[in-house]
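Following this line, the structures themselves.
Each of the next two complexes has chain A plus one other chain: chain B in the first, chain C in the second.
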Partner chain A sequence: MLTASAILTDGLVYAAYLFIVAIGLTLIFGVMKILNVAHGSFYAFGAYGAATAVGIYTNADWPAAIGFLLMLAMGMAIGLVLGIILERGILRLVYGKDEVIIVLVTYATFLILEDVIVLIWGPQSYAAYQPMVSAGNIEIGELVLSNYDIVLVAIAALLAGLAYWALKFTRYGRLLTTVIFDRETAAAFGVNVTLVYTVTFVIGAMLGALGGAVMAPKIAVTLGIGVEVIVLAFAVVAIGGMGSIEGALVGALIVGICRAAAVHLVPQIELFVIYGVMALVLVVRPYGLFVRAQPRKI
Partner chain B sequence: MSHRAIVIRWGLAGLAVATAAVAAQAQPTAPAATPVKLGIVSFLTGPAASPFGIPGRNGAEIVIEALNAGKAPAPFNTVGFAGSKVEAKYVDEAGSAANVVTEFRNLVQRDQVDAVIGYVSSGSCLAVTPVAEELKALTVFYDCGTPRIFEEKARNYVFRVSPHATMDNVAAARYLLAKKKNVTSYSGINQNYAWGQDSWRDFVGAMKVLAPKVTVDKVLFPKLFAGEYGAEVSTLLTSKSQALHTSFYDGDLEGFIYQEQARGLDKRMTIIMTAGEAAIWRLRDKLPDGTIIGARGANGPLARDTEINKWFQKVYTDRYNVPPTYTAYQMAQSLLGLKLAYEKAAKAGGKPNADAIAAAFKGIEYEGPAGQVKMVLGDGHQGITETAYGTYRFNKQKKEPEIVDIVRYPAECVNPPAGIDADKWIAEGMKGAKCN
Partner chain C sequence: MGGRGQLAGGLMFLFAAAAAPLLPDWVVSLVTIAFANALVVLGLVVLWRAGLVSFGQALYYCIGAYAVALTARWTGFTDVFALVVIGGVAAGLMAVLIGFLLARYREIFFAMLSLALSMILYGVLVKSESLGSTDGFSVATPTFLGYAPHRDALGLALYWLTLGVDAIGAMLVGVYFRSVAGALAAPIRDNEIRVEFLGVSVTSIIHIKVVIAGILGGLGGALAALAIGHVDPNMSYWTTSGGFVFVTILAGSGYVAAAFVGSLVFEAVRSFAFDVMPQLWQMTLGSVLLLTILFLPDGLGSLVARLKRRGEAKS
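The block that comes next holds the complex of A and B.
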């Protein structure tokens, strides 16, 4: 019983982390059909921005709640600026090119941004643990849960709800859905696809940076953190289906629960389990759980 | 002859005399010594840069400067290497094993360095070793800990002054059992690659020999740079262990500490960090009091108060405003060992080649900032030193980290004798260990 509840809680926390990171990636792919490797950089920039914010609020001795909000705001503001610069400055120039070329462009951008991090923050790592420590913990039987992890799950749930509401019940969401469904037809009906692209990419960048910002208190904010994240996010998005937000949610839950179960029950296969699950899903459903095979346009 | 021609003639003659005089002044009394070129490889970017790579690189910079100025303490106070200034080329270790090997080949074949000192990751060392042997390139590993380098095969051009990971884990087991006599079971969390696996294997082996009734509980091997350890912390919280062994380092160590502290794991079990010293100046009061700390040898706060250690501590702290951690020590020890070998080989006259330096390096003994080095394992290619463990506490009055209750272990107590593989030595009961 103890192990089962531990698997469930650990799985939920890990899934929350994966979903927050993957939602921006899948949104950008769904709308723009761009496999954005630079998404790892958004995460890293968000984490560094959050660490800077934590440094500011700790030195200023502000209340923890204000510090936490400042951390999120700083991360998302960095994502906003970075998203606009990349979309308007780089990606705009390669729209319409082969998908492989666009992936290579985002990969090159990722490498450049890693060096930009060194230029801005230097090679040293940063600690931003204060929000997690301030949040305290809660004991449930033998298990001790970090309140910060509970906040993380709440943020992921809020994001999922917001994404559902925005896509189903807002004008922009409906426009987005039409572009996801068929870009050319949407354009033919007068949808400003260029604007939709820009807004979507910036929102995706802000979500990636938000992922880094909320994870910063749990990790050492250091060079290379974006690499691990992008690999995991790709696995989650591949399981759920490229471009599907509900797919990202279900993919994150599957990976989170399976990994937690592996760590508790068969730790030897922990490394294998994420990609094992991905392979299994892709064998049965090659386009992921929530995306159907589409006919090729000629 | 016109007046103008006379002026020109005398002018030219004067110029010739002046040129000759200047040339005579500039004429060297002996041929200028060719500089010794070293490739220094360490993590300069990536997660291992800040806690390991950069301190190692800084250790190289400060020692090379002192050597070139002839300002290191005796017997290292001759200029450079045998009078030749040392030129260092710093290379980033970040990247895949293939990339590390490519950079190594570049240093040896393109830059024509006289020796390479470097590598933090055991994976890098395992990849570079066969290439160094193939190219006959003198290579000194400064930090990587896997014992396999010299146990799998005899080496000719590869050396490692710093002891391998066996010492860290045998000493950790001895310290744990001496200080926590009520331990009945323990767990481990180590990174899933050569360093973590070798460390855990040696720790478990030593515990079996020293306390056969103590059982292993949870065995966790998260991947390198995993970042998120929620499930691992839960697994350990639900275990009955009184102690947790970890060879974590870099961002993994820091992330794990933040996450376990938020959930009180260190209140339930004593954590033994074989490489924890590298993090004490960063984690400060975040590192739990009572943690058992190792420094991969008697490095940093565990080093003896010798003249050469005081010198190294001072020059490093003055330059970088933070005390040197163990990778800085390992780099200093490696450079000083290479200098002695080079100068021993240079006594034959001329600039020594890799074969001559390697022959001189085999089996040397010397004292560095971290104590006495004896190159006795791996046919004289692998060093042993004494080691020490202690218990961490944050001194709230001084607002500084401290390691107290330090216990020292002689090199022959925690290292296998020459000619015996580490795991075999441990499995056979660590016969011949001299601990008194």
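The block that comes next holds the complex of A and C.
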């Protein structure tokens, strides 16, 4: 019984993390049809930025709540800057090329940004566990939960709700939906697609960096964290259906709970299970769970 | 590339083979690794001609390498010719199986699913403690039909072996490119429904391409395992696949020879960048890739075509 509830809570926390990372990736793909490998870099930059912020506030002895907010703000600010630079500076040049070519462009960007991290923060790793410690623990029955994990799940839930609300009930969200549905028709009706692309990419980048920022206290911030994240986020998004936000949510839950189950029951297959589930889902639903069938063009 | 191209290619291989004893050791080992990897790239070129990019070609590379290492370890059998064939066959069989799933996909989904499959192997290998987990294990010193060279002689022998396998592989892929199935690659890339209206099964053509690429990947992995003398799970990690894709884009899909030249350039740039600026070599790679895509979208091979056209215009 304890194992079952541990699997459920661990799975939920892991799913929350996966969702925060994957939502930006799926948003960018949905609108721009770009599979953004550099999303891993956004995550890494967010994590490094948060580690710096934690360093600042522990030195200045500010209260933990302000430190936490500073961490989030730092992550989002970095995402904002990076997103604008990448979209305006690089991606703008390759719109209209093959989707696969654009993947390679983002892969090249990812390689470059990996070394930019070394240039800015150096090769050493950073610890940013203070917010996690100061948040404390809570006991529910026999289960000990970190308050920080609960905040993480709350942030993921908030993001999911916010995304739903923004897409369904705001003017910008409605415009976005038309662009997702058919870019050319939307442009013909006067939607400023170029602007929508920039804004979407920047929001996606901020979400990726936010994912890194909130995860920083839970991990060792070190070189190569972006590499792992990007394939995990791919798996989540592929399961749910690329470009679908509810898909990212369901995909994150499936992967999160399967991985938690594997960790608790058969730790040897931890990594295997994530991609195993993905391959299994794709055998049954070739384009993911939440994707409309596409007509074939002759 | 017709008969003349093949003759030129053959002469280049003979020249490279003859020059070996005169070259310093580090050049020999660099070229051996580069040409082992070139086979994997050649497989990616086969796919790329039909518009497919596999971000998981390291799967076959790794299977080929581990097939060699495990055969040598479990049976004590160390003959290189048999080992290389075993590596290729093991990866080829895997490709036949995976092809049933993969041949239904195109574009990004093809790339991602192959990536996921290679990560499955990575996950399994990392957790297999009997196979050395993340450290991997060493490959037994190979023999050549009973001849057991050491050190420098071994390096030279592996160099010649790699050249031989490459020459055969390049020739067969050249033949495939000129066959009907090979020539249909570009039409599939442009519009596959029209190809199906010709009465050709696109799925089975792509399945064959996946298997060809898999066999080439396995051969490359087998040769690399013998040349490096060590195998580890990183051979299946997605960044390894990314490196192969990188060389494919750099080389372009126009010529078989481009895969070899591209691989050589890549390996040379990598060791150079590693020596001179170890902190910045990924940035160098990324910038080169970006510039290639922006200014040479058909790869280095297209430079040759451009020069040729200019020559024809003058004469």
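Assume the second predicted complex is superposed on the first by the 295 of 298 C-alpha atoms of A that agree within 3 Å, B and C clash if a C-alpha of one lies under 4 Å from a C-alpha of the other, contacts with A are read in each partner's own complex, and residues count from 1 in each chain.
To be clear about the criterion, a residue touches a chain if its C-beta (ideal position, glycine included) is under 8 Å from a C-beta of that chain, and two chains touch if they have at least 3 such contacts.
Everything numeric in this text was worked out from a predicted model, so none of it was measured.
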- Given the superposition on chain A, are chain B and chain C in a clash or a fit? clash
- Message: For A:E270 in the superposed arrangement: first (chain B), second (chain C), both or neither?
- Response: both
- First, second, both or neither for A:V118, with chain B first and chain C second: both
- Message: Just to be sure I read the superposition right, which of the two partners does A:L35 touch: chain B = first, chain C = second, or both, or neither?
- Response: second
- Query: Between chain B (first) and chain C (second), which, if any, makes contact with A:M74: first, second, both or neither?
  - Reply: neither
- Partner chain in contact with A:A233 - chain B first, chain C second, else both or neither: neither
- Based on the superposed arrangement, let me know which partner A:A216 touches: chain B (first), chain C (second), both, or neither? neither
- Item | chain C-contacting residues of chain A that also contact chain B | 114, 118, 123, 227, 267-268, 270-271
- If you look only at chain A, which of its residues touch chain C in the complex? 35, 90, 93-94, 97-101, 103-105, 107-116, 118-119, 123, 227, 231, 234-235, 238, 242, 267-272, 274-276, 278-279, 282-283, 286-287, 296-298
- Query: chain B touches which residues of chain A in the complex?
  - Reply: 2-3, 6-7, 9-11, 13-14, 17, 114, 118, 123-125, 127, 129, 132-133, 135, 137, 142-146, 148-149, 215, 217-220, 222-225, 227-229, 259-260, 263-264, 267-268, 270-271
- Note on the structure: Interface with chain A, chain B side, in the complex: residues 44-47, 49-51, 54, 94, 192, 218-223, 225-228, 230-232, 234-235, 237-238, 250-255, 258-259, 261-265, 282-283, 286
- Task: Note which residues of chain C are touching chain A in the complex, please.
- Result: 51, 53, 55, 101, 104-105, 107-109, 111-113, 115-117, 119-120, 122-124, 126-127, 191, 193-194, 238-239, 242, 245-246, 249, 279-283, 285-287, 289-290, 293-294, 297
